[in-house]
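Look at the two complexes coming up: chain A is in both, with chain B in one and chain C in the other.
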Partner chain A sequence: MDVLVCIKRVPDTGGAITLTDDGMGVDSRLLGHTVSPHEEAAVELAVQTAKATGGSATVLTVGTDDSIEQLRNAVALGCTSPVLVEVEPDRLGPADVAGMIADVVRRHEERGTSYGLVLLGNDAADTGDFQVGVRLAYELGRPVVTGVSRFEVDGEEVTARVESTDGTDVYRLPAPAVLTVMEGGVEPRYPSVPGRMKAKKAVVETVEPTHEPVGNGRVRLKLPPAPPTRVEILGEGASAAPAVVDLLEKLGVAR
Partner chain B sequence: MSTRTALVLLEPTGGALSEVSAESLTFARHAAAEVHALVVGADASTLAEEAGRLGATVVHGAAATSGDAFSAYAPAAWAAAVVAAVEASGATLVLAAGTPRGNEVLAHVACRLGVAMAANVVQVDGDDGGSMVVSRQVLGGTALEEMRLTDRVALLTVAGHACEIEPAAAPAAAEVRPLDVALDPRDLVVRVVETVAGEPDASGALKSAKVVVGAGRGVGSADGFKEITDLADLLGGAVGVSRVVTSLGWRPHHEQVGQTGSRISPDVYIPCGISGAIQHWAGCSSAKTILAINTDAEAPMVTKAHYAVIGDLHEVVPAINEELRRRRG
Partner chain C sequence: MATVPSSARVVVIGAGIVGNSLVHHLARLGWRDIVQIDKGPLPNPGGSTGHASNFIFPVDHSREITDLTLDSMKQYKEMGVFTESGGFEVARTEERMEELRRRMSSAKAWGIEAELVTPEQVAEKVPFLDPSVIVGAFWTPSVGVVDSLRAGTIMRERALEAGALTVVPNAEVVGLDVEEGRIRRVRTDQGDIEAETVVIACGVWSPRIARMAGAHIPLTPAVHQMISVGPVPVLAEKEGEISFPIVRDMDTFCYERQHGADMEVGSYAHRPILHDPDEIPSIEQSKLSPTELPFTEEDFDPQLEQALELMPEILGDESVEIRYAINGLLSLTPDGAPVLGETPEVKGLWSAAAVWIKEGPGVGRAVAEWMTDGLPEIDLGHSDIARFYPHQRTRSHIRARTSESFNKTYGIVHPGEQWESDRGSRLSPMHADEVARGAVFFETAGWERPHWYESNASLLEEYGDRVMPREHEWDSRWWSPIINAEHLAMRDRAGIVDLTAFAIFDVVGPGAMEAVQRITVAQVDVKVGRVVYTPVLDGRGGFRSDLTVMRLAWDRFRVVTGGAHGMVDKKWFADRMPADGGADNWAAVVDLTSAYTTIGLWGPRARDILGQLTRDDISHEGFGFGTCRDIEVDSLSVLASRISYVGELGWELHLPFEHGAKLWSLLHEAGEQHGAVPVGIGVYGTTGRIEKGYRAYGFELDAERTIIEAGMQRPKVKSADFVGREAYLKQREEQPAAVLCTLTVEDHTSRSGQKRYMLGGEPILSKDGGELLDDHGHRPYVTTAGSAPSLGKHVLMAYLPPSEATVGNELTVSYMEELYPVRVGSVDTTALFDPENERVKS
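On to the complex of A and B.
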């Protein structure tokens, strides 16, 4: 089965973040970039599925040409034929991104590649819209399950598993389908040396967006006020233990 | 004052109103003039009193026009029920909890109505009846986005703890109205066919624990967890870990705390050897008291904590365990 996996370049913000002067985005000039853990899991599942079914795992992103770094990383992990829908992503809304991915799926179908599965992350690490996968499914008229941590493909039938508060919910649906992936079901692999070599040489297919974006309704971003430092140091090293236990007793948790 | 009618999709658990649904109802009351609720796949009449206490005047109970289509969760069918309830109630604002199912169903509703949806909203900043501006969590909760919703129906999911649950000033049992929903066979293609209880939400104990002992890269190896689990056991608590720990395979993913793990709100959180990256903080910031153990006095986890011990966790944690055992005799 041929699989398309969609990823997004996001700032790797471990510490405090700074906004751009106009408040419309994150100032990422001094930050590294990465993809969400959900998308790392989606890439792993795409590569495993392609291998198990004798198909391919194509990787796609919607973004500026900086995102080629993330496409190449996915190729190093086993994806092929990277696709970049080249557009400034900050002003796009989830419906725009879904529409642009759908156009690529349709164009590749005309060229003879029909994706049995399209995988995305459950939610992007930056915009957190929780809807691109569902919108894509409606664009393509395909069934969709969100928050999938593992799935199996048997011919044209997909069995998808979603962790919930009651246990694991099992869905059985026909391909072609769309799944959004939640990290935790598989361990993403590390790139191999031949993988890295392949990634360097991979030719990126760059496509123009086909329609005017409707946008995302963003008025501005704002940062919640930083909480004041309030820390009380109980001590250093092992000698702090009595003070710690005094505190735990005071809080009523050291029975 | 808003003149909108709001419709709240409830997510009952075991026949009762869940905490997140109670929050959604409270949130809706602040954002609308009138609040209706919708129950799918459960008995609306048993929830009417509780929904009424929280300000709902009507509870719509969805029933499929043919068969027992709502007996198992099917996101598209649930969305069809929401659309039917929007028509029946005249709602121009639809809310659900910012849970996996709340976000999933409203995303389907957004596609069916052809409107925008705002996920994980924490407050309504303004509303002139046609256009509404909301603040919602982005970047794992470290920033807020003000987003304008201008469609004929505004859709939003409510972030956890966005408001305190609060009963209505003049509570009354809500009127129960049956709602017929005509389903297309395609709405049932994606449906839960089985729920495997096997490992019943392994993260459940972590999410409900009063004490959580956190462990990060500072633990050093999978073998280094003995003292951490001992401390958790001594305090009757659970172990929660950083993503570094799960991606190195030291502990299972269901123990991960953070943006892509569990969100916890224990009375006491004791992060050991965790730097306090924003994605981790997103999952533990609701802890009432945080006691950090770290070699680095400048680590964000230390500066954001209420209390800290500066030192090597491999010395500090065993000493605390020893002291706890000693005092217990």
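On to the complex of A and C.
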């Protein structure tokens, strides 16, 4: 099965976030860029699915040519045929992005590549709109499941699992379909050196956006109040070890 | 609520490898009431120590850096945090092999075991390296890795156990208060600390902290890229952190170092990526740490490909992942050396910055010793923060030089190599004329100094083979036979030398004589108009400098010293002026470097030339050697000083900067009929001086050498007290541990038949190539090498074991791994050329 996975270049924030002076974006001068953990999981699932089904994992982003860095990183992990819809992303709203992705899906279809699955992250790390996946499915007239942590493909049938506090919801749906992925179901891989070499050489397909964006209606961003920090001494010396292990397990750092 | 103590004997800012070493050594040397603060948490506050690759290759071309590294290795071993792995520096080209042969010279000179090996020998120890990519390697068995964070903790704990230290992490310095030129207080976000001594050991943040006190620590944060790939099966199956030697892939400026199951690949090949100390992200803003910045892949990709070539088995494995990749920040300085010592701007404010893991504990010890009694055991002359002139502390200069030097980290750097960036900063008044004469400029302390003049190329024909042409490209790089032609023309007729780069300062005031007397070895209670050449010693009787002093008036002494070392000398003098001399005994240092220019005129025709321009009595009787006075030269008033650093009759002519160009042309006009030529620093600094056996500070003379070893003792010692007198008197009673000798190379022919010429730094061995050891346990090496055209010999200077220091003794010098016979020509200051000094005193 051929899979399309969509990613978005976002600032790699590690701690305190600063906004730009106009309040319209995150000040990323000192930050690197990455994709959200949800999208890392989506890329991993796309690569695994392509391998398991003998298909391909195409990676797409909507953004400026800076985003080629994120496309190449996905290629280093096993994706192929990177696609850049070249447009200044700050001008776009979720409907615009969904429309542009849908256009690429249709155009590739005309060229003979039908994506059985389009994967997206559940929500972008910077704007957190939670909308593109659903709008894309609507635009394409395909079924959609959001918040998927794992899925299996069996012929033309997709079984998707959504974890919640109440348990696991299992969805069966026919391909072609759209899934938005939640981190936690798979361990995203790191690139290998040969992967990195391949990524460097990969040819990026650049696509012009097909319609004028309607925009996102954003007035400005506001930082939430800093979460209160609490220091708890777990203990001292060797006797503190069990408490540390419990905490690490709770945080999901150790299993 | 303040969590820092309200006062301290000393505050050490920074808890990286340097700050931690420092608190340990200060405590060991008896300091108490030490407060150490850091903005970050412990044990890894987020500076460069926290992400260092932590490996140590001991061999460096610099003796100072090598000594600091060896001392650090000893300390790491004693703490149990050193793991020996061995290390290869591999060559992909013949040019690099030659550099590795030169590295063998340094290894032998510093007494570090090393050998050149074949690609197969490398592959034997590093089975995953493809030997077909390399042509050979330099093997150092003592290379190893350290745990620098653990070492830091151990050293901090030792100071704590001694009851000497209070450590306050998470305290940010927000200000440094200076009163009357002295540090008084460290202000932090946790409260203020009163202290008379403060050390800035904050690595990449040091310039920012220093500026709070109005001081400068000239360094820049720069990116060093590193990735870690794993798990590598062949590494994972071995126990412990490291079981394979570290590989430095010298031609691609990269290294590969095992770290457990991972292989770390680091690079100095990418474009220089410099940051501003004020714009490093805070701990809160950082994903990893403030000095582990986001990796920029495109800068690293070419290196990755080269690393893949060298270790295809490991790096070509699809299952081996790039698990960690950073743009790590480290500190770079304009001249590559650390920045150590008390800042010249603020009393009591010290710098211990721009230090690598391999030197950390050694620097900690040396700076602690320096702070304790002014006497670090290892000479820190090249690292002294006082060495920088103001223009060398500007951000633009620092950025230009570090951008240029970054890719030289693993580069092949010729000992004579000149900087390309930020040139033309300091021009002498005769610069335009020098350009017209085809001067080839070398830089010292920002000054553009003619090294030789292409206009003298016509002399090559006159002197033929006497200019000792060099056949090999390396030996003749940054060199010209014109230097030797200028030398011979000066000895035959006369040379005119631009000496504007001298640092010049006056010591003035009613207490001037006593103040200078306390600093200099030679007697300066002399008549007005005397010129005194004198060593300057430290309290242990080691050299701090050598310079000349002119007594211009009863209360005015003019000090003339080399440009490179001038600022350090000025600080040494200024620090020793009477603190409370009062109206009758005060003395002060006044810097006149930029007010005066100096032109040297030397050679048998010097008197004829000057005589044409002056009606003053300049006869030998009327203007004796070692005297100075104002004379009229045409319409100019000139301070003429009859001394010589080239062993000829002549004068240093000092005059206000703006008159320099006129005097320069007057001398050339008058000199023409006498065959005078402009002479560059190639003659003044090397050929002229070594024929005369004159020693140079920074080469033959440093804090680890004594007057006796240098053979410069006079029959009597002045009765007045001076710094180092007691030590010097004691040294005079003992046999020296080494003796400075002048040697001549007796045969230059290499195995290939080409003649080779040493450039300095080479080891001196016994006649059959055996190792020599002086009574310090040091190996002799060449401190200066150069042509002696008047003798038709290549001359070397070196400190030999006393038993080898006999005239006529036959030894060898090792150059590029071949032995050449040498002969001892002089075992004291007796010159090989004109030993009776008849020319100077004619």
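FYI, the second predicted complex is superposed on the first by the 223 of 255 C-alpha atoms of A that agree within 3 Å, B and C clash if a C-alpha of one lies under 4 Å from a C-alpha of the other, contacts with A are read in each partner's own complex, and residues count from 1 in each chain.
Here is the rule we go by: a contact is a pair of C-beta atoms (placed from the backbone, for glycine too) under 8 Å apart; a residue touches a chain by one contact, two chains touch by 3 or more.
All of these numbers come straight from a predicted model, not from anything done at the bench.
Is A:I233 touching the first partner chain B, the second partner chain C, both, or neither of them?
first
Examine A:R196 and indicate which partner it touches, taking first as chain B and second as chain C; both and neither are also allowed.
A:R196 sits against chain C, while chain B stays out of touch.
More chain A residues touched by chain B or by chain C?
Residues of chain A touched, chain B against chain C: more for B.
Let me test your reading of the model: by the given contact rule, A:T165 touches which partner, first (chain B), second (chain C), both or neither?
It touches chain B, and chain C stays clear.
Applying the document's definition of touch, where does A:N216 land relative to chain B and chain C: first, second, both, or neither?
first
Tell me the contact category for A:P224 with respect to chain B and chain C: first, second, both or neither.
Only chain B is touched by A:P224; chain C is not.
Examine A:L30 and indicate which partner it touches, taking first as chain B and second as chain C; both and neither are also allowed.
Second partner only, chain C.
Could you say whether A:T13 touches chain B, chain C, both of them, or neither, answering first, second, both or neither?
both
Check the residue A:E69 against both partner chains and state whether it touches chain B (first), chain C (second), both, or neither.
The answer is second: A:E69 touches chain C but not chain B.
After superposition on the shared chain, which partner residues are touched by A:V144: those of chain B (first), chain C (second), both, or neither?
first
What residues on chain A does chain C touch that chain B touches too?
In chain A, positions 13-16 sit in both the chain B and chain C interfaces.
Mind pulling up the chain C residues that touch chain A in the complex?
Spelled out, the residues of chain C in touch with chain A are 229, 279, 281-288, 293-298, 301, 304-305, 307-308, 315-323.
Show me the residue ranges of chain A that touch chain B in the complex, using the header's touch definition.
Those in contact with chain B are residues 13-17, 19, 26, 36-38, 93-95, 123, 125-131, 133-135, 138, 143-147, 162-174, 182-185, 187-188, 216-224, 227, 229-242, 244-245, 247-249, 251-255.
In their shared complex, at which residues does chain A touch chain C?
12-16, 18, 30-33, 69, 72-73, 189-197, 200
For chain B, which residues count as touching chain A in their complex?
Those in contact with chain A are residues 13, 73, 75, 100, 103-104, 107-108, 110-112, 116-120, 133, 135-140, 142-150, 157, 189-201, 204, 210-211, 234-237, 243, 246-247, 249, 253-254, 256, 259-261, 267-268, 275, 277-279, 289, 291-292, 297, 300, 302-312, 315-316, 318-320, 322-324, 327.
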